[in-house]
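Look at the two complexes coming up: chain A is in both, with chain B in one and chain C in the other.
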Partner chain A sequence: MSKDSQMRAAINQKLIEMGERERLKELLRAKLVECGWKDQLKAQCKDVIKEKGLEHVTVEDLVTEVTPKGRALVPDSVKKELLQRIRAFLAQHATL
Partner chain B sequence: MKMEDMPLSGPDNTRLEALVHDIYSELVEDACLGLCFEVHRAVKQGYFFLDETDQESMKEFEIVDQPGVDIFGQVYNQWKNKECECPNCKRLIAASRFAPHLEKCLGMGRNSSRIANRRLATNNNMSKSESDQEDNDDLNDNDWSYGAEKKAKKRKSDKNQNSPRRPKSLKHKNGELGSSVSSEPYKYNYNTGISYETLGPDEVRSLLTTQCGVISEHTKKMCTRSHRCPQHTDEQRRAVRLFLLGPSAPTLPDADAVVESDSFDIPDGQTLMSRLQWEDSPDISPSDSASSKASTNHSDSRRPKKKKRTSLGLNSGVVGGVVGGGGGVVGGGGGGGGGGGGG
Partner chain C sequence: MSPAGCSHVNGYKVDNWKQNLRVIYQCFVWSGTAETRRRKAKSCICHMCGAHLNRLHSCLYCVFFGCFTKKHIHEHAKNKRHNLAIDLLYGGIYCFVCQDYIYDKDMEQIAKEEQRKAWKLQGRAFCFLTENLIQLLKQGHLLSQCRHICVPFVSTGIGEKYTTWEPTKRELELLRHNPKRRKITTNCTIGLRGLINLGNTCFMNCIVQALTHTPLLRDFFLSDRHKCEMQSNSCLVCEMSQLFQEFYSGHRSPHIPFRLLHLVWTHARHLAGYEQQDAHEFLIAALDVLHRHCKGDTINDNGKKANNPNHCNCIIDQIFTGGLQSDVTCQVCHGVSTTIDPFWDISLDLPGSSTPFWPLSPGGDGSTVNGESHLSGSTTLTDCLRRFTRPEHLGSSAKIKCGGCHSYQESTKQLTMKKLPIVACFHLKRFEHSAKLRRKITTYVSFPLELDMTPFMASSKESRMNGQYQQTVDVLNNDNKYSLFAVVNHQGTLESGHYTSFIRQHKDQWFKCDDAIITKASIKDVLDSEGYLLFYHKQFLEYE
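Now for the complex of A and B:
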């Protein structure tokens, strides 16, 4: 629905404008490094590279192989915290 | 996806939740993508596998994950229960106590010199007091009651040896006490007073010229406060002096100046000095200087410091109380030093 997509666009815009998106991104990155997610995923990348060969690996290869695993490997605590923060932001700033 | 976080049901909320989740997914994908770019660049630039080049050292320094051992494979308190043989005294010492023991054993380090000095002092003290015992014949009868506290007093004085809380008046007294300066400070216990039986008659005399000296009933120690100490009366002080020095003891310094006038001149300097020495009599001097009787003797008091030495000790107690205003007169400092040497 366009209304829905309009709303989404508006919210996204607000997120970016207020700098909240950046903050959330940094927070997520920091938490993922802390919990070891980044190292796990790097190991996955190593496997892909060894599989595809050092010379010929492309970004698309890595992305398609690694992203789904990455999404699954995010710990629950990190996920919960981030969802909470997003919800809080929306509750504060979204006009419904 | 977990739907338990949804507070209320309703179309708006589901949409909101969906939105929240979408935003979250976008953020996670951003992170993944960022990582992929990073890895790809590292691969293409050639620094991705740099930390894996040496297989041998990798095996050697692999992270250890066993119980009782840290990640390097070292045991935590391996040396706690071991004993080492000291190269100096050949004793077996526990490992954790080895370093402090070596410090003391070899005589190096901050504390060892302090302890050694203290031990020397105790030895001096003991040998000196043994020789003193023979002098105090009349006190030997009362030995049984005072013997215990002599040991206690010595321990106390040991504690104060090298600590910075050595009594300040020691510095002033050093001139006065002359020969006995080495052992006197160790017997001089700022906190608890002095036990008279360990002191020779000369020392007792010199002490009595400057201090109250009244022997406390419970501790059997001499009061170390000034002649005007509020706890004891002049009667008590007189009695103590009689007791300690015999009937020939000088009469106690009194507040009023009606004492033997001939003995005024000589000891003036010394008593002034004794007034000055004592730290806790600054409050006393102003009140004394108010008395007109004392003021007359002030200017005369600057007498030569070395008159009859032998009698100085005896008479010094006499006029102690008179010239109370000595707090303001600093010149008499040397008089006490000369007098104490003879006494």
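Now for the complex of A and C:
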């Protein structure tokens, strides 16, 4: 494992242990609902289902089709805010 | 993707499978305790590549974690013939034979219970937008003709995570017996209804319009949460509930509120009679009676009924009650004596009244904090609020007994907001009743659509006093932001006048309510109006 991914794993562990990951998830969830991202993605999913047909579509289909669009549609402000929160958390628990 | 589940789970459902599954949820999916969190942090990595991302799944038959994206879990499934895996992010069960996520009723039940347990353990507050309440109403959008249907309402005070509504058997029955459905679109006018003027009752009509369009109040009454404990038929809260049924029934003819009027006369004698009354007085009287009649709905945390009028938790208090902090500072020893009083509204003095409006004390800030149009010389709502919260020198004729100096000293008094209500009502004091004259002050006061109350909070004043003059705009603190949703206006003079109101039906969609006549209004109409009572709603609600 590269140094980078080692660091990632260590940060992730710390976040889970302190329960911060759950809090961040909830914050992200709220922000994505607010900015309308959830509704946009819902519309995308409906399109995929219509395309593939309700009887045949699988979760994999949805994931493959919708993930790239979903990633692109996240507003920068949300990314910034989450990053801020993570930085603040790391600053507080600087023993890493 | 059939909701009946797949047949391959039957191989799993043997022996102590329920308990095993619960353990998996508790330890690796929704970790509630610190111990499980630590274990999760350490062990939730792919057994093949060590990554913790990539949609980690756990095998249901043995202890194996593998990435989904890199197909490590698929390899394991094939090699060991272990056909079921669980997604550690969301708790979904994947069947490798069906090649899709499956929905098994028993497993879903266990998943839901474990999730609830974990959330309760963590016991946190969650934020959700006001608009989400309307979404709730839309999802449970079952307003049939005259039956009210209970929608599980996630109100403030319950520490539960928001989950989408799933109907019970009884609710499904009710739905089948009441087949009429009403769809709420972005342009629909449901909830709008004219009110007949029963003889100078426009003052009452305006307040009714404002109350029926207060989102939290509407949700409370439409989800049938009032349990009446009054023996007689004179409960104002029951009448209010009936009023909401009338407003949301879809009838377009104006409603005749004769029963409401009669009840108001019964309970607020000073408002009885066919003369023109003050809309603000009516608002306070109505809130008071509703608060008193809400006794049946006040439940403590222990499940006992609250008997203490000072710690009432009725819907009126939850929505309208705020705390006003009054600090009296002795000029000699600088000791501060603080009291906090509850309030339902803020009455603001206006320029042009007998009491001088200007000058403000130095240190006032945020002159353009609310983006109001500052036409030369025109007063803004923020100006009035700054005046309201300014330190006021009480003068030598009004000396206060100081607890520190043990004598009467001169002092300054300052009002700030300790706790903001969910709905803030601002009353512009346009009617002057001094000893000499009775007149109406028609000074134009501009008010904003969005209001930030942060500069007027007690906490802001404290940080100013501690030398933190530069108040960084805290992006994450949205607690003090308000949106305008109703405006009550008075036209005419003190002797003869008429009340009308503007109501916000949807975001940026306003209507003018003139007794029985409802017309569409532009935002400009609303903001250009004189303004007598201004109703603001908190933009972000949090559980306590």
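Please note the rule applied: the second predicted complex is superposed on the first by the 87 of 96 C-alpha atoms of A that agree within 3 Å, B and C clash if a C-alpha of one lies under 4 Å from a C-alpha of the other, contacts with A are read in each partner's own complex, and residues count from 1 in each chain.
The rule is short, and it goes like this: a contact is a pair of C-beta atoms (placed from the backbone, for glycine too) under 8 Å apart; a residue touches a chain by one contact, two chains touch by 3 or more.
Here the structure is a predicted model, which means the values were calculated and not measured.
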Three-chain arrangement built on chain A, chain B and chain C clash or fit: clash
Chain B versus chain C as contact partner of A:E81, first or second or both or neither: second
Which of chain B and chain C A:E17 touches, first, second, both or neither: second
Which superposed partner A:E26 touches (first chain B, second chain C, both, neither): second
Chain A: partner with more touched residues, chain B or chain C: B
Chain B versus chain C as contact partner of A:C45, first or second or both or neither: first
Touching partner for A:T58 - first (chain B), second (chain C), both, neither: both
From 2-10, 110-118, 182-190 or 254-262, the chain B stretch with C-alpha clashes against chain C: 110-118
Residues of chain A at both interfaces, chain B in one complex, chain C in the other: 8, 12, 57-59, 84
Contact footprint of chain A on chain B as seen in their complex: 5, 12, 15-16, 19-25, 27-37, 39-40, 43, 48
Of all residues in chain C, those that touch chain A in their complex: 1, 31, 34, 37-38, 40-42, 44-45, 50-52, 92, 99-101, 122, 124, 126-129, 132, 475-476
List of chain A residues in touch with chain C within their complex: 1, 5, 8-9, 12-14, 16-19, 22-23, 26-27, 30, 33-34, 57-60, 81, 84-85
Contact set on chain A toward chain B in their complex: 4, 7-8, 11-12, 15, 21, 24-25, 28-29, 32, 38, 41-42, 45-46, 49, 54, 57-59, 62-63, 66-67, 70-71, 74, 79-80, 82-84, 86-87, 90, 94, 96
